[in-house]
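After this come two complexes, each holding chain A, first together with chain B and then together with chain C.
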Partner chain A sequence: MQAVSGGYNYKKITDYTTYNPVTHNSKNMSGNMNLTLKVWRQKNSQAAGKFVTYKAEGISPDMSFLEMLDVVNESLTLKGDEPIHFDHDCREGICGMCSLYINGRPHGPKKAITTCQLHMRSFSDGETITIEPWRSAAFPVVKDLATDRSAFDRIQQAGGYISVNTGGVPDANEIPIPKVIADEAFNSATCIGCGACVAACKNASAMLFVSAKVSQLGMLPQGQPERYSRVQSMVAQMDAEGFGNCTNTGACEAECPKEITLTNISRMNNDYFSAKLFREEHAHDQNGD
Partner chain B sequence: MSEFKQTFNSSLGKKLIMALTGLFLCTFLIVHLGGNLLLFKNDDGYSFNAYANFLTHFPPIEVIAYLLYLCILVHTIYAIILTTRNRRARPVGYAVQTKSPASWSSKNMGILGAILFLFIVIHMGDFWFTYKYNNILGFKEYRTNLVTGERTVTDFKPEYADFENSVATENNVEIVRVKDLHARVAFSFSHLWYVIFYVIAMGAVAFHLLHGFQSAFRTLGWVHRRYTPIVYFIGTWLFAVIIPLGFAAMPVVYFIQSLK
Partner chain C sequence: MSLDAKIPQGPLAEKWSKHKFNLKLVNPANKRKYDIIVVGTGLAGASAAASLAELGYNVKSFCFQDSPRRAHSIAAQGGINAAKNYRNDGDSVYRLFYDTIKGGDYRSREGNVYRLAEVSVNIIDQCVAQGVPFAREYGGLLDNRSFGGAQVSRTFYARGQTGQQLLLGAYSALNRQIHLGKVKMYTRTEMLDLVVIDGQAKGIVTRNLKTGEIDTHEGHAVLLCTGGYGNVFYLSTNAIGSNVTAAWRAHKRGAFFANPCYTQIHPTCIPVTGDHQSKLTLMSESLRNDGRVWAPKTVETAEKLRKKQISAAEVKEEDRDYFLERKYPSFGNLVPRDVASRNAKEMVDEGRGVGGSGFAVFLDFADAIKRLGEDTVRAKYGNLFDMYYQITDENPYKQPMRIYPAVHYTMGGLWVDYNLSTNVPGLYALGECNFSDHGANRLGASALMQGLADGYFVIPYTLGDYLATIGPKPVDKNHQAFEQAKQDAIAHINKLLALKGTKTVSEYHRDLGHIMWEYCGMARTEEGLTKAKGLIQQLKADFWTNAIVTGENEEINAALERAGRVADFIELGELMVTDALMRRESCGGHFRLESQTPEGEALRNDDEFAFVAAWEYKGENQPEQLNKEELVFENVKLTQRSYK
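Here is the complex of A and B:
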């Protein structure tokens, strides 16, 4: 059969025992990598977990880290084993769903990217890669590498919103906002809530996340009505979820895929202390007392 | 829960307490170093003993001193409370951890603080407790000729057990009788192990404040493009270099003098 120029020439799968989805259609295998994976496997939130070693063979350096795991999972499935569970969704670095603590760093060795944006060319052939879930009491492991990050959702629900009246559509740019403020608010708003800050922090503190959410709304005119009640509610929820306390080490800022800065935390503290200590009108927003 | 308790029991409230007590202890260090520089005055301990006598017999200083002890205790207790909670926030640790870009001192505030607490206990036991409650210190009598400025020093044995100090002027000669803390300082700093312990503790002060001073301002929510660099500058040069070096110089210089 003649291959059509520029098109694909799929080979028929004849033997599933030797089938490798990566190398099967590959013409040039010379650049591919063989890796050893040490993966945290845990049946459920109650079970004790352990590391299990897998071979990932014939991995293309152009694959993303998640595609590499897909390949491993495909072979595990074909062997009848339980595939490795991990969180993922958009695979383009904007949803905040993927996680993974790879070789001792959240989202792997590269700066300012998520795991789905990490490519296998960032590793070398023959390397052993250790993959762990986020470690935090507030993010319990659901299965293997997937953790329950709904604590972040509950913090958001506690105050990460603005009130908008119904009625006609307001004119665009009706509310003047200085560009520097708009830029700062937008920088804070780029937080995707992946939880890398919690994973990186030695105290498993969520303050970078919470402060980004507080800042993004608190800096803009639309966020002013709830500004001081919001920060109190979100911090109270953060504390209730069992996160640790910030010690300003800056590990979160260094590992954040969206490069949210530590300044957000100071901004949150400022609003919080203003609300709690200096603003009588917002003093009784909490707990109905 | 009352408003007050709610505020100061929150994570940020506890951090606020850490920051405020920490900054108070920082300002104390400036005064403490300034006063103790009198140790370098070559006057048989006249200035230093007079200064120690003033500190222990001037009521406003007494009040501030007890506030200081309270701050040390609160800072320590809250550090333990916060650290316990932080540990509980990560019950299962990581198998692999790459070196984080966070500074060494910021990651080791607990151990540095523990060294400092141990130091403070020993330091206060040796000087403060000995001075105030332990009747083992001798007295010195300084006679200063107010015309010529010449000064003589002799040991003084008080007639009463509860004697504390006296200042008198006879025939243009000022007679000052005070507890001789200076001799105790010289005695303590003549032991090598003691000097080494002091120097290590001052190293701990340097690293603790290298992170702590600027971190306190961050916790207070004071970050500003113009002032934050100044805070970093002061935290680094004053609190992590000049002050620890100044304090460490005292035992080192006294030890070298004791060898002669």
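Here is the complex of A and C:
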């Protein structure tokens, strides 16, 4: 290519409707995988749901799972049918919004990733894929594949914080924290609140989710003053939301896209029992004005 | 109309302190008589809502996602700058200020940027107190890394998930105030319009995304913390839902939109693989601490790489061009983003691009792995490497990453003064939603800093001054302006739902993205921009006759949500092109081919363009009016930016 001033070669495009920079940029426009999808459709939380079968054709192995659904939705839209509704936002595995139960597993067959990071190369041509929403009484379906996970927010609101106001805090380096503790707290803090742990659990338990926050703050020096009140407030809210109990099957850990470990649950149990048995006097909510 | 930025008089280092003293206060007992609306729950929105509620105001907080924790700040990777000088490497508030002004190519305000640098240190303290698990050294103190455009190490980080950790910190502060009843949270609720009474912002119109219900909310002030508009390009590193609608509707109600053409194209993103692509994924700038950017020296070698006849590892050292290290020996791989992006594009334009498409250069970690070991590299960047592997099916520990620039951030936004107030009294804009601190190019790790500075440490002071001025009298929620704005929103929705044409909204969005990327992307010309303007006008007309919008209002309807957002993006796209056409100079991320130095760097024209372009909406299909805010530099000397 001939470089013009400053090395910039300005492409002349005559008609935008036929020009597509992606065709210039891409190695494969569309693929040759054909799939059958069995998708849960449910108009709203009151309506009864059912599986509906769709064909997904010309799918590229480089597509993400959600991009495959985009393709199906485009074709439904062109036919005037209502597209399949699913929650999604960042599409880079961090916002926690995407939440599909694929072939009986939250976030599909691959370990340690969210649905949006699952790519079609993980499936074979001709395969039938079953797609459902998270199934839990505490996560009611709002439409098709999307559920209401506000119970998670309410648990965090019950105590998932350190009570400090803006301003008037000590210099950051006045609180030295051993690296191993900081790293371990970070590992717990990587929870994205997607709810895969609940969806994976036969009891629909939220223990992994709750324990991740309890552990993160309970390990750090800043979190000590409210350590025991926090765990009790959060667990009480968890129970109020109707999540089930933990029976140590470990399905949550196996399916967690961020690999949050069962150790968090042990830490939470430890703090919870410690609070109940020895520290009842600290159990009141310290967060009132 | 003349624009008064209300920058306090006096020496730079004293402006903010003096201003804080001069601002009026609202006494504690009166604070509970005020209602504040905060739209958006990212770093700026969550920190503002929590901080204002802590002060005693009643806050209503809104987000379109199912939880405030989903806001796209969560995806920020690399880090947050602060002038702590914990490294003893020569950092200071003044140096962070200077780097940011220079990095922005002298198109931002001295007063604002200095304040940003000044409060940066408080942010780190605040976050640590909240329990944000920043990276630490073995002695237990905080660790730092380097970012582009700086020669000191001032970036605090939490592996490659700094945005997540900071947002969860702000979210926890917000949750505490929700628990205490000081914040009422509205999730899955989208702002559709601003309510203005007698020239003052007094409320918003929202749509409940679950039921379709259109509501109005009144407040003494409205804070827009709704992020940037990068999705005007269709493909960007933004979340799918990121949109300009709240800011754009506010613009149509009178708020000026400043410097819309200043967009940041981030140099290190995973390249596009096909037409199905729905978004682009960033590979953090922090990777340029250890990764080396290169392209083959010759087109022939590049051709062999593209055809997979050879692998990257087989290209001999002398056949590689580490072009950033070669051209910018002082800053090397850590030049600012606009410079790195343009250079990558140059390689590709010369035919030296790699990967199947040829639209990529390498980011190579082989040296770092040799020097530090794979485990150290994994500890620093593990999640990024995993993400790359997942998306590309290539192992970055074994072969270099392929990267290419992608739209990442928008420096333009609603015009605000020093108090973060738009020109509509009572309407404020915080974080990426405003235009104020990054000039024509934002430095890495400064977005998190600005979002939190605005929310934690600026608005709690400046908002009180306005509230004290207007007094605590309740807003008249029966004023006809509320009903009128609501009816306007309903009419707009009905117009969208009536579209039963032949082309999907996604296709229009993709077309808009193609036009913007091609003509208003990394390189811009008078001819291309003029053409783009016509194309966007055609696209707009076509959209409103031929788009398909399925479903109805009274249900969850993603197609309707998308249609409203894309309709606004189309209008914004035209304004961006208008702004880029007006600005006949290059600066930062705005690169006009007609204006470059002999070395191909951005050539500013300070005599004619050292101003903020604040565009005023004049009605449907009317040209927008340009208002200028002259930029005054009293402390730094405007020079040709050099990173050599």
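Just so it is clear, the second predicted complex is superposed on the first by the 242 of 289 C-alpha atoms of A that agree within 3 Å, B and C clash if a C-alpha of one lies under 4 Å from a C-alpha of the other, contacts with A are read in each partner's own complex, and residues count from 1 in each chain.
The criterion applied here is as follows: a residue touches a chain if its C-beta (ideal position, glycine included) is under 8 Å from a C-beta of that chain, and two chains touch if they have at least 3 such contacts.
For clarity, every value in this text was computed on a predicted model and none was experimentally measured.
Looking at the shared chain after the overlay, A:88 reaches chain C, while chain B stays out of its contact range.
After overlaying the two complexes on the shared chain, residue contacts for A:243 are found with chain B alone; chain C is out of touch.
Contact with chain C, but none with chain B, is seen for A:78 once the two complexes are overlaid on the shared chain.
When the shared chain is aligned, no partner comes close enough to touch A:34: not chain B, not chain C.
Using the contact criterion defined above for the overlaid structures, shared-chain residue A:124 touches neither chain B nor chain C, since it reaches no partner.
Applying the stated contact rule after C-alpha superposition, one finds that A:224 touches neither chain B nor chain C.
Overlaid on A, the two complexes show chain B and chain C touching the same residues of chain A, namely 287, 289.
Looking at the complex, you find that chain B touches chain A at residues 1, 3, 6-7, 10-16, 82, 85-86, 88-98, 100-103, 106-107, 109, 211, 214-215, 218-223.
Residues 47, 50-51, 54, 65-70, 72, 74-75, 84, 86, 122, 124-131, 133-142, 158-159, 161, 163-165, 168, 171-173, 175-176, 178-180, 185, 187, 210, 237, 239-241, 271-279, 281-282, 345-346, 349-351, 355-357, 359, 386-387, 390-391, 393, 456-457, 460, 500, 502, 504, 506-507, 511, 514-515, 517-518, 523, 525, 528, 535, 539, 548, 550-551, 555-556, 558-559, 593, 596, 599-600 of chain C touch chain A in their complex.
Residues of chain A touching chain B in their complex: 38, 40, 51, 101, 103-105, 109, 130, 132, 135-138, 200, 202-205, 207, 235-236, 238-239, 242-251, 254, 262-263, 265-273, 276-277, 283-284, 286-287, 289. Interface residues of chain A, counted against chain C in their complex, comprise 1, 3-11, 13, 16-17, 19-30, 43-44, 60, 62-64, 66-67, 70-71, 74, 77-78, 80-83, 85, 87-97, 112-113, 117, 119, 121, 142-143, 146, 148-150, 152-153, 156-167, 169-173, 175-179, 182-183, 185-186, 189-190, 192-193, 216-217, 220, 222-223, 287-289.
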